[in-house]
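Each structure below is given as structure tokens.
Next, two complexes with chain A in common: one pairs it with chain B, the other with chain C.
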Partner chain A sequence: MTRFHRQLCAGLIALIIATAGALWLNAKYSALANYAYLTGWALLAGMFVLTIYNVRKKLPFLPLGKSETWLQIHIYLGFFTTLLFLIHLKFGLPHGWFEIVLAWLFVLVSGSGMVGLFFSRVLPRRLATRGGEVIFEKIPALRHGVKTAAEELALGKDAKSPVIAEFYAKRLAVFFSGPKNFWHHLVESRRAAGALLAELEDLRRFATEADREKIGKLEALVRQKDGLDYHRALQLALKLWLFVHIPLTYGLMIFTILHVVMVFGFSGGAR
Partner chain B sequence: MSERLPAPDFDAQNYARPNQNWICGHACDGNACRPGPDAKGRCCATAECKPVLELKPGETKGRWKCTRTGGACEAGPLPDGSCCRPIAKCSPVPTLRWWRGRLTLAVIAASCAVLLVVLGNPPWRNNFISPGEISQPHSGEAFTALAATNQLNQGCGACHVAGNTGPRGMVHAALHADPGILDLKKLAMAHAATPTAIDESCLKCHAGRNMHQPSAPPVSCSFCHMEHQGRMMAATTDANCNFCHGDATKMAVAAGAGNVSEPPIHHFAEDHPQFRFITEKLRDPDTLKFNHQLHLTGATIPNLPGGQKLDCAFCHQPDAAGAFMKPVAFEKNCRVCHSLQFDPETPQLMLPHGNADFVSAYLRSLPKQYATLAAKENPADVNGFVTAKLAGLRTQFGSGEDLERRIFFSTATFGPEAQVGELSGATRALFPGCAYCHEVKAAAGGSPQITKPVQTEHWLAQAKFNHAKHLNINCAQCHDAVHSKDTADILLPAQESCATCHSPRGGVADTCAECHTYHKPPLLAR
Partner chain C sequence: MPDAPTILERPQRWDAAFDANMTDEDVNRLLFTAPFSGMDAEKFPKRTPLREIIRNDMRILKFRKGEIIMRQGDYGTSAFLILQGAARVVLKPDLAPSLLGRQATGKKGVFRTLAQLWNRSRAPEVLPRSILGQSSGVSARQNENETRVFLQDVPRILDQHRTAQMTGGEFFGEIAALSRMARTSTIFADSDDAELLEIRWQGLRDLMKYDDALRTHINKIYRERALASYLRATPLFKYLSKEQLDHVAEAVEFSTFGDYDWSGEYKRLAQSGSVRPEKEPVIVGQGDYPNGIVLLRAGFARVSQKFGGGERTLNYIGAGQIFGLNEIAHNWRNKDATTNMQFSLRAIGYTHLLIVPTRVMEDIVLPSLPKNELPPPVAKADDDIDSPPPEIATREKVGAEILEFLTENRFFNGTATMVIDLDRCTRCDDCVRACASTHDNNPRFLRHGPSAGRLMIANACMHCADPVCMIGCPTGAIHRESFAGQVVINPATCIGCKSCFTNCPYDAIRMVEARDERGEFLVDQEMKPIAKATKCDLCVENHGGPACERACPHGALTRMNLNNLDSLSKWLKL
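This part shows the complex of A and B:
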């Protein structure tokens, strides 16, 4: 059993035990007068621990434990907090604008977290099957190098084929100019790059022997660029879900704090 | 903390800094400068190196030396000590991390702005923070007018102190809530029935909290009546009632305070006490003599004018609301069989009903009554008609006093039994006498006195009932009338009979509020 599987088993067992315990406590004590207050505080505590994971990442110099451990806690506590959220809502729907907005924020933060977990479990494996390790920040430079090489082949001083030059100007220049086919790569479709390669293959019929060699090199560069686009798309997806998860987390915390203020301010200690 | 040194093959020239907010503008060309932008996104590029001045012993001018990473350049520093290879300035590019940080700040700012705008505007605030629709009695124009009468604020402020103020007031109210924000122990231990600050707002309109028992402990209004649950305020639950009635200690205290001792009650079908009219063997005090069994099953009971058999519904008709039955009335329900024809030979004349004095007066004016009848039917011989009729009565009953005594006190039937009232169509009367149905007493002056019948409309005074909701049930299923011969029988079902349906097994609602109301009638009326 690998370390990952050991962590997964331990986390799942802890989550199952916590879930069963929470449901048992809910069944036993849900009739308590201030039960919503208690579940609310438990939920807020869970949300607070989840939120400070982001703070923890900003303070790597502090001895606050390994980031990996924090991530494991973040994941399983995130699932448990979702259960607490449902218990706090008494498995019903919220009413009133403020509570609906608050609930939607929670749903979006939780949902984006689950999407992020899915991406972080699936996309790295896919990345590992397509070429070597490519650092996201270096992809523009690598892409620029590929583009320069392709331009040199098609339009450089040694290029003498108008067929290749025309094809480059019409089709390849756009392809090499920047990242392409984001959604195709995300859904593991190679149709777009395949179509371009097929067109290049068709070009061979009108090319001389020397040009065919260049076309072969261009095909290799197209594959290389497509590989870079693939890495960029998947690595970008691994980063983009945080654009929903983290900003909305802070929005959620602001609304939550106001929720606490309003609950105590308006109930005056009553239910 | 251990410091990690870069690996020998670490490319310091092309070191990517994904954790920084800015990257060199030349990075996308693969020519990122070594120093990179500063934290504020300004280009820091100057030259490839910063030459140092080397002074050998005895030298005064010294010599500038190239310090370029990766090896000194061929040209070396310029005579003034500057690098000969300046780096072109760039426009640094923000990283994804920078964009994410800005988006986070934007969301925080937008959240705060939206909340401040909405909470600072009272009409918007009330709509925005309301956790649900207010019940109909606590909203609308009628409540607004009532709130104005009672000098209450409009909107949330009518009930919530914090609703009178803006965001600062909310925070103040939250910090002074009882139990406090962080008083978890008190929050966990507090009972919902304990009166709170909100009850004071309730009492501004509902003055004088009217508990159904003087000994009942003060209970928070919100314990039973939950607001913000929709247009209809949710019904009181059994848990609310069981707060006292399910607690043996509280019930013992109540019994000690002079109330009827009742065991704890938790569910109607399980431990609700038997109805008091059964346990106390109450009897119907009505003096009218009525035999339900005879009327429902007797062979001598004729069919009604329409041909149908006499049944419960002929006498017991629901009132306008359908909840209870109208009182049985002689004119509507009895006269069709029980005629007041006192003279078998004269069906046109009927005794008045409802007042013994009127009957006596009627009997003493019989010559006049016969004369009036004769004027209609035999105007040619009025005197002869009256004389003949009075003679017939005298022959049958003796003197006028005898006739009056007979009419008031006799319980015996007379005349052909097969013909009752109008039912046979032969119009032969069968008037047994008032005492056949009524309790007739001889008063001190000798005049008869008829005890007025009393029909109890509502036997279970602490409960409510609606016949309209029970129309799918046969009357006899609850009311055992076919076995009752005595008016004193109270023909109501026992608790077990109700529990047949009103129980989890029966599938019909069995909550306390289904039958009982908590408050005393004056508060309900208000």
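This part shows the complex of A and C:
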């Protein structure tokens, strides 16, 4: 059994036990007068532990344990907190704009976390399989190099083929001008790049022997650019979800604190 | 028309003399000095005459009292002969690291650890006065062409340490130079007129080859000082009595293969794409008669097997490992069905090894071993060419592609190589941020590097078993934390000479321009920026181990000793 499978088994078992326990407690004690306070505080504690993972990340020089362990706790506690959230809502819908915003924030934070988990488990393997590893920040410079090479082939001073020049102006210039086919790459579709390569291949019918060689080189550049777009798309997806997850987490925490203040402010004191 | 080939004069061994300023007068003088005066010049071949060895592989150095000639723990490529004056060797206790220009590092305390929260510099590569002004007990002075480090308080050292004086005619440093081991002692000049002859490794090797007296002398020293203790610590000989061990030590032959300056050669070959096992020097050939077991003392060797028109790598072995025992034990037990060597052993880079002859193995060593410690009989390679024994066939554990990749890139040299599993790495750069946070906002590695399949070796210091970066550091600024520890750089004594930066075959050292606390560049009297070498220090001062490894949320990054592929194979299967 691999470490990944061990972690998965241990996490799932812990999650199932915690879920069963929570549901049992919910069935037994939900009629208590202060039950909403109890579930609310439990939910807040869970959210607090989830949030401090980001603090751990900011303090790598302190011996606070492995980030990997923290992430495992973060994932499974995240699932359990979602259950606590539903229990706190009594499996119903929120009332009033404040509660609705708060609930939406929770849903978006949990949802983006799950999307992030899915991306983290699936996309790295796809990037490794595709090969051509490249640093995200270097992609624009590399793309520019590919574009310059393609321009030189099609429109440079040695370019004498109107067929290639026209095709470049109509189809390739746009393709080489910036990142393309984000969604295609994300869903692992090769249709867009395949269609462009097929058009280039088709161009050979009208090309001279010398032009065919250039078409071959252009095809290689299209593949290279497509590889860069692929890496950009997947690496961007691996980063983007965090730009949703983390700012919304801070929003959620602010709304949660306001929620606690309001609950105590309008309830005539905690019971 | 094809382009005309670029024609160059073929590089020759002595294109770059050790010291271009060696004059005829110097050479003549040395030819009349012992031990060269006693050497028979006729015994040297025409291509490498004694006179030219002296002219090209030696240089004369002058030291003033207190100047350090060699430091304990350094890796050197040369031996020294005292021509005039005296030198002093420090016996016990060893000199403190600060006296050798090294950083006396320790783990950070609680306050210093927490202070990293608010003490981080905004500008890159800030070197606070507290680090630069470190009282090291040594100072540097610029001689004609090089920087010399000298001990500031020699009388105190003589008072507090047991030392011994060496005078004209004495050799030192030859064992470390020949076996590429760390220097075992610190030696400094003991008179203002100390004149020493430094002999680089290639010259020493040739002198030993053609002069019986020097060879016998160095062999004797080697056997006395290094061999006996090494053999005693080798598990294969643990059942031998003292007399038997002495007998083995007497019969052991030692040899070196490959190029001492392998890092430069490797860089050149790697750039031309011509790193091929077929070009590596053969130590033992597949099909050869087993003349003895090979014990690797330093460096690395590739175990390979003929495959089609080439050689395929089965494993690589490093210091302390043995080759050829299986065949010799097999022949000893099966005198009617003997076998030849099943695999080839080739030197990768530089390899220093000991050979225990078959006769000694059969008469003394093998009879001493309990039956259960003898290797199993050899299944001839011809019988089952695709199934080499498991202890040889590391390729089965990590996969052929990864094994060839690690070998061709010489990554087995790393004792703390940064290995990234691309199947798990989300490219989040938490490792880089953690490194920067731990090093005053300066990341000490690049999360990128050569890759094979799902494995990437990031551009970070690997803390090599054979740290070629440490060869030639004039001030001892780059050093090991301990004899088997991390390779670290003391910024206070680094003079920015780029010696380590140029030597590192993996491009893991960077030169940076240092700044002061205000973010202004530090400059010398000529207003030139002060450069310092920097690299990964494995978070030696921090608690909990390397921050990069602990920061990876997906367990995709580890620091690993690639000389043992079992751990890599286990990690990849996780």
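Rule of thumb we're sticking to: the second predicted complex is superposed on the first by the 268 of 271 C-alpha atoms of A that agree within 3 Å, B and C clash if a C-alpha of one lies under 4 Å from a C-alpha of the other, contacts with A are read in each partner's own complex, and residues count from 1 in each chain.
Methods note: a residue touches a chain if its C-beta (ideal position, glycine included) is under 8 Å from a C-beta of that chain, and two chains touch if they have at least 3 such contacts.
Since we're looking at a predicted model, the values are computed, not measured.
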So in the superposed three-chain picture, is A:Tyr250 touching just chain B, just chain C, both, or none of them (first/second/both/neither)?
first
Of the partners chain B and chain C, which touch A:Trp97 in the superposed model: first, second, both, neither?
first
Does chain B (first) or chain C (second) touch A:Phe136, or do both, or does neither?
both
Of the partners chain B and chain C, which touch A:Trp70 in the superposed model: first, second, both, neither?
second
Is it chain B or chain C that touches the larger share of residues in chain A?
B
Using the touch definition from the top, say if A:Gly265 reaches chain B (first), chain C (second), both or neither.
first
Touched partner set for A:Ala33, first chain B, second chain C, both or neither:
first
Name the contact category of A:Phe61: first (chain B only), second (chain C only), both, or neither.
both
What is the contact status of A:Lys239 with respect to chain B (first) and chain C (second): first, second, both, or neither?
both
Residues of chain A that lie at the interface with chain B and also at the interface with chain C
61, 63, 135-136, 239, 242
If we count contacts the way the header does, which residues on chain A are in touch with chain C in the complex?
2-4, 57-68, 70-71, 119-120, 123-125, 127-128, 133, 135-136, 235, 238-239, 242
Contact footprint of chain A on chain B as seen in their complex
1, 14, 16-18, 23, 27-32, 95-96, 99-100, 103-104, 106-108, 110-112, 115, 127-133, 156, 160-163, 169-175, 177-181, 184, 187-188, 190-193, 196-199, 220, 222-223, 226, 228, 239
For the chain A and chain B complex, residues of the former touching the latter:
31-34, 37-38, 41, 61, 63, 94-99, 135-138, 140-145, 239, 242-243, 246-248, 250-251, 254-255, 258, 260-271
Where on chain C is chain A touching in the complex?
113-114, 116-117, 422-428, 430, 433-434, 437-438, 447-448, 451, 453-454, 456, 539, 542-544, 547, 550-556, 573-574
